[in-house]
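Two complexes, one shared chain (subunit A), two partners (subunit B, subunit C).
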Partner chain A sequence: MIPRPKPQKDRLRRTMMFMNAQKPGLIKDAYIYGCDSIMLDLEDAVAENQKDSARFSLYHALKTIDYGDTEVIVRINGLDTPHWQEDIRVCVAGGADGIRIAKCESAQDVITVEKAVEAAEEEFGVEKGRTLLMAALESPKGILNAYEICAASDRMLGVAISGGDFRKCMQTKPTRDGIDMVTARGMMLIAARAAGVQCFDTVFTDLDDEEGFRAEVQQNKAMGFDGKSLINPKQIRYVHEVFAPTEKEIIQAEQMVSAFRENAAKGLGVFTVNGKMVDIAFIPGAERTLRLAKACGLYEGDLV
Partner chain B sequence: MKNAVGRDIPEELLVNGKEVYQGKNYLDGKYIQKAGPKTRRYEKPQESKIVDSLAQALRDCGAKSGMTFSFHHHLRDGDYVVNMVMKAAIEELGLEDLTIAATSLGSAHDPIADYIEQGKVVGIQTSGIRGRMGEVVSAGKLKTPAIIRSHGGRPRAIEAGEVHIDIAFVAAPTSDCVGNCRGIGGKSDCGSMGYAMTDAKFADHVVVVTDCLVDFPNYPASVEAIDVDAVVVVDSIGNPKKIASAAARISQNPRDLMMAEDVARVIASTPYFKEGFSFQTGVGGPSLAANLFLEKLMDERNIKMGWAIGGICGPMVELLKKGKVGKVIDVQDFDLDAVHSINQTPNHFEMSASQYANPANKGAFVNKLDFVVLAALEIDTDFNVNVLTGSDGVLRGAPGGHPDTAAGSKVCIIVTPLTRGRMATVCEHVVTVTTPGDCVDVLVTDYGIAVNPLRPDLIECLDKAGIKHVTIESLKEKAYSLVGRPDDLQWEDKVVAVLEARDGTILDVVRKIKPYKL
Partner chain C sequence: MEIKKTAMAGTLESSDAQVTVEPGNGTVELELSSSVMNQYGRQIKETVLATLERLEVDNAKITVVDKGALDCTLAARIECAVFRSCDKADKDIPWGGMIR
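After this line comes the complex of A and B, so read on.
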């Protein structure tokens, strides 16, 4: 068994790459592509009569493959299926970092999953609270309940919108400027920030439309998303490029964090950096910028 | 005696001035006496050199037992000519003790394995050997050790008289009645005929085999009538479907694409990536895909490629047509886009194998090459590469131009996945050294990049560009941690193949494989 570090709720998640948990060739070393998280799928990618074999493949992958720093999340089947309880047992027994709740519509859905996770942690002797949760919002109801979902459990790391199902409900198609989903994305972002969890955008499925993909990633960054779900490794590099902080942002963040630490030691809570007032409220953001910069290979200092 | 890559070369092979490999450029500056062929005069005006059959052509050229026949491999796995000629020589003329000196051999030539087993074919000299022929040679059934040479090593050996060709057979997509040959215009087109050129100049006799006779003069000719003794017209010289694929397509495999992008980034991090740089790449998945990413980086930096060489396929022709590469010079074509472009698209030229890669001439193209991107079956922690023997020790590959371009280029990049199935590609010791590690500079795998410590300048380039790299030892350990460490192969003493370095010294030997017992 490969011991994995305890999952971190607020780690970097610029890219979450989906792959079919049933395909050993895909999941054996998906970390080589450099995405922040991989999303092993037990749900839509797996045919109804293959759910068991996908779970076996998933369990053994989790037990034998060293995914290193790459976060391993599993998308389980919906709560309206006969599969989700067994999915959760396999995730917890295998030591997955997190579980993505498909088609989540209410806080109660999160609580239902959380109870099953807790029971599984008990059953398999896994540290209580280790397994993180995230929710996929796939319906108008899910979007309207986004805040209560985000705030439903301490295990919640974030929410993601699922474009395919959501557009179906809304009777819209993907548009170039994203107008079809802009309201939903905005509502979900506000809810996630209010609850203090992360927020991820949906996949972009037309692999040949590079221009469209780039436009969507830029919009994601501008709207304040933490990251994006992906379906192909070739999408990773561009997302990382767009989500990387600029040199100016990095320098500013570095100055803020070091000034804060120096001043805190002196007992000062408010001070100025380059003429701008800075207090503790700025620091998590600045630290996040530095962590991002470090992950992007743009910052080599030791403040984070 | 141990050579410079640590391989033990049996003393009995070190006769007639043969030496073990001493490191690259060992023979630089030495003089050689070129061998000349003994050729027949055709003083009397001749209407036509067409003869009725291969058997007749063989008789006319004085074919007898013990001779060496040469072939070239532009028809690749579609070739019918080797089998046709050997059948006529052995079954119609009853010849024995024959040696085949081919620029390469493939699974199209499986029937030759029977002649080896019957003892009719006693020698093989080639770059590539695969399929059943590889198996019977590895089983020790060839009377003399096969000699494996690179594409540059072969013309060197021919010119030096180490290989004497009694009759060269030229598989010609088109020929006229006196033997001017071209690789296009027929029904089995192959484009460049670069590998046949040296053979035709240095063989005592030359027989052209064609399935498309055209009007005289068939010009500009790749092989010229002045060297040709006889022309034989047959129904078909090859299977066009296996000669050239419709179009070499760039891989969509994410693993290949990731490695290809890393290759391009490594290239762009060096000072040689500047206006007018030169480049060669293979047709394997990640090698070919490197074209795509390189083009993007060329556009970003606003530079153009000066020239490209090698086996050529569509993506490179595309760059030429877009004006992003100045000249393409071509020894072999891999797809119909390239076949139809050579000598047709302006600045797409043909060259001989000697011009391409011969280490003993005065101006081989490989010596001016900035970058080459190559594949590998295996690479060891000394950066030695094997592209000849499989993990079971059986002959199933071809050095081709690998050792020549690696030695000549300023930056040689090997690109390969870390593992193939259960086999570690990066390993402790390759089965056979076909390209010595002192010619290999960078390894790009799906699990990371390693730079040969002999190239601190390149390490600095990668560091400056922020390209992460690791030691090749750590890649080897990762590979073994994934698929396990294989047991050593078991060999018998008998040498079944001698692997010549491009300069003619002995780089390695392949021994008879010991049957595996569980």
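After this line comes the complex of A and C, so read on.
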């Protein structure tokens, strides 16, 4: 058995890669690709008559395989299926870091899952509150209720939009400039930031359209997403590249943080760095840049 | 557990194993074929028998077609087949108890 460290709500999640929990060939070495999180899927990737089998496979994978620093999240079946309760039991018993709630539409959905998770933590002697939650918003109703969903539980680490189902509801198709989902993405981002949780974009499914993929990742970064769901390891590197801070951003953040600490010690709240005004409002962002840079191997200082 | 009917779990894909359990004739009867029989045959057999013992199965015919599964995959497929044969695979699985 591999004991996993306590899951962190605020960790780096640039890339979250889906893996079919039923396929041993995939899940046994999923960590070697270097994505930040893997999402072992009990939902759509698993055929209806193999849901039971996928859980046995998942349990042993969670207990046996050393995923190292890669976060392990499990996507459970929807609350309108007969599977989700047993899915939650196996996730908690196996020690998954987090659970992704599919087709989440309301705060009540989050609370329903949270109660079952709490009961499972009690049943299996897992530290209460250890198992994190995230929600996938897949419908217009989910997007409209994004804020209450994000704020529904202390366990919530973030929300993700699920493009396939959402576009179906909206009767749209993927477009090159992302206009089909720009409103939904924006609403979800605002809700996530207001609630203080992370926000992730949907998968890009056309593996042959490299240009389209790159355009979408750049737009994700510009809009303020924390990361993206992926379906193939070959997509990881580019997302990490785009989400890494530039050298200029890192230097600027480093100067701001160290200047802030020096000035605060002298009793000064507002000052200038390279001619630009800086006060406490800039510091969390600068620290985040440094943490991201550190995770990307671009910063080795000790300010964060 | 008592094997009540024939049940199967797993696939013939690489890194997987297909396991079939049937009601036995008073003992455990194992039929094993593996793509890595020469290297790992003994270890696979030990894993199969240890898993059946943990599940308290002492009367069954079990057929394993192994395609290079890890021990944990093999155990998962055997457990699923046994629980399916008792119609108990869908809920209230003893995670961390009999399944470990």
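Here, the second predicted complex is superposed on the first by the 289 of 304 C-alpha atoms of A that agree within 3 Å, B and C clash if a C-alpha of one lies under 4 Å from a C-alpha of the other, contacts with A are read in each partner's own complex, and residues count from 1 in each chain.
Assume a contact is a pair of C-beta atoms (placed from the backbone, for glycine too) under 8 Å apart; a residue touches a chain by one contact, two chains touch by 3 or more.
Everything quoted here is computed from the prediction, not taken from an experiment.
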Partner chain in contact with A:R89 - subunit B first, subunit C second, else both or neither: second
Partner chain(s) touched by A:K63 [first = subunit B, second = subunit C, both, neither]: second
Touched partner set for A:F124, first subunit B, second subunit C, both or neither: second
Contacts of A:K23 with subunit B and subunit C, given as first, second, both or neither: second
Partner chain in contact with A:R55 - subunit B first, subunit C second, else both or neither: second
Subunit B versus subunit C, judged by how many residues of subunit A each one touches: C
Partner chain(s) touched by A:N232 [first = subunit B, second = subunit C, both, neither]: first
Subunit A contact footprint on subunit B (complex, rising order): 254-255, 257-258, 261, 446-447, 466, 468, 482
Subunit A partner contacts - residues on subunit C that touch it in the complex: 9-10, 13-16, 69-73, 75-77, 79-80, 83-84, 89-93, 95-96, 99-100
Complex contact set, residues of subunit A against subunit B: 29, 32-33, 232-234, 237, 297
Residues of subunit A defined as touching subunit C within the complex: 23-25, 28, 51-53, 55-57, 59-61, 63-65, 82, 85-86, 89-90, 93-94, 124
